[in-house]
Amino acid sequence: QAPAAAQPRTEIQMWMGLTGVNGELLSRFGEDFNRSQNEYRVVVSFRGQYPEQRAAAMAAFRAGNPPHIMQMFDAGSGDMIQSRGAIIPVSQVFQRAGIAFNPADFIAPARGYYGLPNGELLSMPFNVSTAVLFYNRDAFTRAGLDPNRPPRTWPEMIAAAKQIRERNAAECGFTTTWLAWIMLEQFNARHNQQIGTLDNGRGGAASELTVNNALNQRMVQTLIDLQPTRAFSYGGRSNDAAAKFISGQCAMLLQSSGGLAAIQRDGRFALGTAQLPHWPDVQGAPFATTIGGASLWVFNAPNRTPQEMRGIAMFLDFLRSDRVMTEWARTTGFLPATNSSFRAMQQAGFFTQNPGRDVPILSLIEARQGQFTQGYRFGRWTEIRDIYHEEVERALQGRQTAAQALRNFERRGNAQLRAFERSVN
Amino acid sequence: MNNSPSHSLPGQALAHAVIWIGIAITALPLYIAFVASTLSNPDIAQAPMPLWPGDQGWENYRTVIIEGMQGGHLSPPVWLMLFNSLIMALVIAVGKISVSIISAYAVVFFRFPGRMFCFWLIFITLMLPVEVRILPTYEVVTDLGLLNTFAGLTLPLIASATATLLLRQFFLTLPDELVEAAKMDGAGPLRFFWDVVLPLTRTQLAALFVIMFVYGWNQYLWPLLIVTDQNLDTIVVGIAKLIGTGDATTDWNLVMATTLLALLPPALVVLLMQKWFVKGLVDSEK
Amino acid sequence: MQRKVIFPNRWLPYALLAPQLVVTLIFFIWPSLQALMMAFQEQDPFGLSVRFVWFDNFVMVLTDPEYYNTLVRTLVFATAVTLLAMVPALLLALAADALLRARSAYTTALMIPYAIAPAIAGVLWLFMFNPAIGVVAHTLQVLGLDWNPTLDGNDAMLLVIMASAWKQVAYNFLFFLAGLQSIPRSLLEAAAIDGAGPWRRFRTIVFPLLSPTTFFLLVVGLVYAFFDTFGVIHAVTAGGPATDTTTLVYKVYTDGMIALDLGGSAAQSVLLMLMVIGLTTLQFRFLERRVHYS
Amino acid sequence: MATLALNQVKKSYGIGPGALQVIHGVDAQIADGEFVVIVGPSGCGKSTLLRMVAGLESITSGTIQIGERVVNNVQPAERDIAMVFQNYALYPHMSVFDNMAYGLRIRGLTAPQIRARVDAAARILELAPLLERKPSQLSGGQRQRVAMGRAIVRQPQAFLFDEPLSNLDAKLRAQTRLEIQKLHRELGITSLFVTHDQVEAMTLAQRMLVMNAGRVEQFGTPEEVYERPASLFVAGFMGAPPMNLLRHASGVRPGTVLGIRPEHLVIGDSGWDTVVDSVELLGAERLIHARLGDELLTIRVSAQRAIPDLGQALRVQPQPEFIHTFDAATGLSRS
Amino acid sequence: MATLALNQVKKSYGIGPGALQVIHGVDAQIADGEFVVIVGPSGCGKSTLLRMVAGLESITSGTIQIGERVVNNVQPAERDIAMVFQNYALYPHMSVFDNMAYGLRIRGLTAPQIRARVDAAARILELAPLLERKPSQLSGGQRQRVAMGRAIVRQPQAFLFDEPLSNLDAKLRAQTRLEIQKLHRELGITSLFVTHDQVEAMTLAQRMLVMNAGRVEQFGTPEEVYERPASLFVAGFMGAPPMNLLRHASGVRPGTVLGIRPEHLVIGDSGWDTVVDSVELLGAERLIHARLGDELLTIRVSAQRAIPDLGQALRVQPQPEFIHTFDAATGLSRS
């Protein structure tokens, strides 16, 4: 014990993109790990939102000093996967450290999203989420809606939103966070539509966007039409709109399941959770929603020692343990990322005791899987998401129609895909 | 009183009114921030927040100062960030001034080959903003092994010419006879610098100190990139990291408490050294 | 301009200059050259593959209509910020200058925003005008104004303009006040004897005599609006909605740091550098003229 | 043109018990067309008095009349006066022409009228070739002339000058003095001229108003002031070198002060016993500074005269018809 | 104390064909303990010459000797001279004591030695009560004395003064002039004093060096210079008002210029026919400016004399023994 304590601990840097209750908990896991052994010291730090954090990591990588582990949201995966020289697949990380690792331990959607066809996992799924509908039960009651019957389809959703406005039960019917993720990515998975050719980009970098179709136009146009009466009220990019829901302004919120903790903490109303609505006239709908959240990437660097590599693997191993995973999922609203932790929570009766907490699982895993519910893999997707935001925001401002917005999005998005294609060839 | 028309009674009343409107607009954001910092977050989340201070102030300030946001995970305790900012601002201010004063002295009090070239080289640094060169600068700092150090945080920001220019300007106004008197008294260049120039530049140095302190304290993009160790986070960066992030909602009450704490030190420096600051600011730009 | 009286010494001046030169070369000149080089390259974000592409990046930037939109937007933004920061500052300075008492107390109160970081100024304004929780936003909504900077580009623009200008008023105020106080009283008295009333005195004497200050503040204000407002925009709108508050510098940042188009971003940087050099030259031309003037 | 009357004019800065009174009741009647110089040491209130006449400073009590009109509450612009400032106060951004035309434009004169008046003034002051220049492109003397031009074109009731020559060098000052004299002769406008230079005062004044600490010490022609100073203060202030003022010399009655100008002392065989202390050559004359007991005496002699050695004894006698006597207590003249 | 010798001293600014020569070969031998005043119009090179002696300006050619030593290449601090500057060049942040002590400290004197010397100088100059003050707390005259004190404590071989009185007002200037005279009498240190004020020059100088455009016009006692000006330049430069210089008056031979001082003109029944142009009172005297053909004549008369009317005709006659004649072409005196 004494000699080991005298050894200076090897430091493992992990950058995270989480804040609030979620970030707090993840940091605490780092400390738990540090207490559990005395060889390594993990430093978990928040480095700004995912895009900023990634920019910093890239600069750090170019300077030869990237963090050991970086948490990166789903949208950044395409770029990370292509940057093969910069990352080490987690499967290999475990392998090099001599720690047993079976990709099949992770839940299928996560495996599908972050894995290679050969089963190897590129990054380790950690905070796995999907999009859900949160609603304010009190507002429903005020509006004369049944709080136990949340809208299931878009027509119901629209009607509910309108009714809420008409009865003035809230200042706005519904809003959404993560516009592109929910209204483009999740929405198309829910209807089993591909958003890009070549199997949503999984088939190669030559993929092209294919979203300017009737279904997407109808969805965007619906938002445009609802905006003036505030049956729908746009609330900004990424997570900004959540505040409108928490403050009671909006009665419904389309949001990541990972947003639960914050709502529970600050909201002063009875909360309901439901699955994402769908258009009933689309054949086979509703399909499963797709995975969101973030995974953990391991950076390569010229001066990495085997000692460090082992530390990385040990910490990742710690994070995927049932104890960590179950606590993580219970506290945050994210899904358990491994099968065993999922089973453990089921056995403990967590989902039956906490009504609504099974919604993401029902939506992601239990719902009908289709050809295009496994997620996408595009390069420069962060930027393409922002192009979507820009174009739809313009449409919501009334400066263009839904069709124009989607056409522009396709054109500009494809230009990005082509640039990406050039850069990887 | 003075009879000139602007000093007439209605003129005075108008002047006071204009100023008070100005002060109100200046103070409004600060007041609202102050109120928010005394409320609980749910109070704020249920818009509109009250406009009268609440009773959470003590708790909020205690939380951010001692614990940091969210138990210190999201951001270190404010006292630590304040300390970091203080060190950074001081090193930048003192560093800039020391480096500048000797180089300005060299340019003004000596003739030597390459003098104008050196001057222009320094002057050029005024022209280009940080955003333009941030990535390569980052690489240089890493190559020098200065990531996560105060040196890396501050050294690249010491390369600026404002101070050099101002001091040069001031040195040019020192009467030639003063130099000559010193020469007759037998003082060499270093002795003259130490015995005469330095004491005479005190006011300018004080002014520069304020300007540079504020500049250093308010740095944003550079520390955001260069520091990966939370324990080196500066307060301005700390705050910007706290808002609108991820799936969490912003703890506006804590953010506002932190914000007020963050602007207090530079504001104090400006206020306490107001006399010099205004003079220095106006001189430095003219 | 140079001194008549100097010290003769061969090596001392170099020794005194060395620290400044070293810091400048290492942390400034060298990285700037690197940035210049990057403008002619195409590379992946991790720097694993680098290709020299001549002027491709520039061609792409200059043929992108969005770049011109951003340019125009930036000019509008910069003009608005500059004017909004100057006109009230001038009014305040005139008021302060006219005061016989309490001038310094007022001055003190008015200069506080100078000490506030742009990013923090942005946070303060965001907090007041945030459509979800902002006090002022709420008031506007109660008044029936549809205030929504997250969607309405004009609202967003107005918000960043106000936040940016708010911070800069203090600076302009101090300069205008100094400028006003340097106008000899006797000039105003002469004008009064000549029969000029207050407004006429302002128009024909005070304002023309302030013109050097005004011009200087105009240039400084433009530079501020171009570059230093980064923190405000970053904190308040992050360039949105759509790209309605994306200025040239913010675009350099997003294209380079978020979209990871390093070459294109570097090319934009170089274009920006040229603009700054233009502005600075203008200012120095003028400064020289002013030296003659006095 | 008009008469100017000051009646018990007083001025205090501030109000209440902390007020500082700087003018203690000045009376002066100035005739139409007269040139009056206000002279006195720095801080005695000359500028304040002048600025009260101009309307730039309020009048605490008493009245000021220009012509028949009491102007206490009349705006400067309406008093129909013109003022020349010490620093000229030219508008730096306007050409010489525009500087002169400014007041006329405000008064609403037509362009040809303005042109005519400015040209006329420019001719008098020889400014015609400079009309297009900016003040910064002029020499000190030229600026001074522009300032005068600006006053002239207004054709005012009265001119006020506040040390208008003190920024000029000695030679230019002497020359401009003559020009102002000539100008006044030509235009005949009532003028009030402030200076603390007594040569200027004596040269220019038709009457001089000697001030001290906010009070009038004497108001009379230069000759009167020089030859019959009304008080010790005037005697000591006027003349370079000033009048010798002796308290202890033999023949001085106790309680009085004897005044004798240096040029009215005769070196001879009789009179006071003095010892030469130093000698200065002034060109045509020499000043001999000599000790008389504990007092110092200055004697003005022709340079032709032999130079006395330092320490040499001299007998000095005052010319009796030029002896002045002052009351030591009140300082007033008894002669 | 030492002699001072300037031998063919020249000074050019810049090098090569663009060089500007400002001193064109000055020779001057100054005796040990002598007080020499350099006088001349602005820009004639007075300061440059003085600064070459001080070592603050390099010597382009010629030599300067202090005592037996050629000092061309000696550092200012080693020349053992002290200088008093026009603006005094006091160290604003040091007390009066430290200002005086600074040079001594650098020379490595001990604290008691320094104290003794400064106290001695302070006694002479009556600065003792001011030793703890900063220069900004002193009046102009006191500052001037401190500057002198700083020079005195050094106990140098020579004093150099560059217009040390020009920042003082008239009264103080007159007084300080006397003090410098006295100081020189007491200390007897060789002094070189630059001024462009001729009264100062005449009053102080044992010998005057009159300069014009980088050349010596005359080097002699004040009396010589005043009474026997060597050139038109000197005649026109010395004296206030200066000598009348007439080219066209009757009796002036062609190719010559007649010089006559204002005090040497007699008003009477014969002589030149002049017309009174203006009259100025100077106190004891009056100046009459009169036209003589196309030339202007200044006549100095006692103030006692009746004032002539403007435009009145006057007959004016020069006293023959005071007439000077100059060569119109070379400007040199022919008398």
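Chains here go by letter, A, B, C, D and E, matching the order in which they are written, and residues are numbered from 1 within each.
In the analysis below, a contact is a pair of C-beta atoms (placed from the backbone, for glycine too) under 8 Å apart; a residue touches a chain by one contact, two chains touch by 3 or more.
Here is each chain with its UniProt name: B = sn-glycerol-3-phosphate transport system permease protein UgpE; C = sn-glycerol-3-phosphate transport system permease protein UgpA; D, E = ABC-type sugar transport systems, ATPase component.
Model, not experiment: these values are computed from the prediction.
Asks: When every step has to jump to a touching chain, what is the lowest number of steps that links subunit B to subunit E?
Replies: The fewest touching-chain steps linking subunit B to subunit E number 1.
Asks: How short can a path of touching chains from subunit C to subunit E be, counted in steps?
Replies: 2
Asks: For the chain pairs A-B and C-D, which is connected through the larger number of C-beta pairs in contact?
Replies: A-B
Asks: Just how far, in Å, is the C-alpha centre of subunit D from the one of subunit B?
Replies: 54
Asks: Can you compute the centre-to-centre distance for subunit A and subunit E, using the mean CA position of each chain? Integer Å is fine.
Replies: 91
Asks: Could you put a whole-Å number on the gap between the CA centroids of subunit A and subunit C?
Replies: One centre to the other, that is 38 Å.
Asks: Could you work out how far the Cα centre of subunit A sits from that of subunit D, in whole Å?
Replies: It comes to 90 Å between the two C-alpha centres.
Asks: At which residue positions does subunit B touch at least two other chains?
Replies: Subunit B, residues with two or more chain partners: 1-2, 4-5, 45, 47, 135, 139, 141, 180, 183, 240.
Asks: Quick check: what residues of subunit E touch more than one other chain, meaning two or more?
Replies: 56
Asks: By residue number and range, which residues of subunit A touch two or more other chains?
Replies: As it turns out, subunit A has residues touching two or more other chains at 52, 62, 240, 243, 247, 249.
Asks: In the complex, go through subunit B and note every residue touching subunit E.
Replies: 175, 177-178, 180-187, 191, 195-196, 199-200, 202
Asks: Report the residues of subunit A in contact with subunit B in the complex, numbered from low to high.
Replies: 13, 15, 17-24, 26-28, 43-49, 52, 56, 59-60, 62-65, 67, 238-240, 242-243, 246-249, 255-256, 258-259, 261-263, 266-268
Asks: For the complex, which residues does subunit B have touching subunit A?
Replies: Residue positions touching the partner: 41-42, 45-47, 70-71, 73-75, 135, 138-139, 141-143, 147, 224-225, 228-230, 240-242, 244-251.
Asks: What does subunit E use to touch subunit D in their complex?
Replies: Residues in contact with subunit D: 170, 174, 177-178, 181-182, 185, 198-199, 202-203, 222-223, 226, 238-241, 261-263, 278, 280-284, 289, 300, 303, 310.
Asks: Along subunit D, where are the residues that touch subunit C in the complex?
Replies: Those residues of subunit D that touch subunit C are 54-56, 75-79, 81-83, 85-87, 89, 91-93, 102-103, 106-107, 136, 150, 154.
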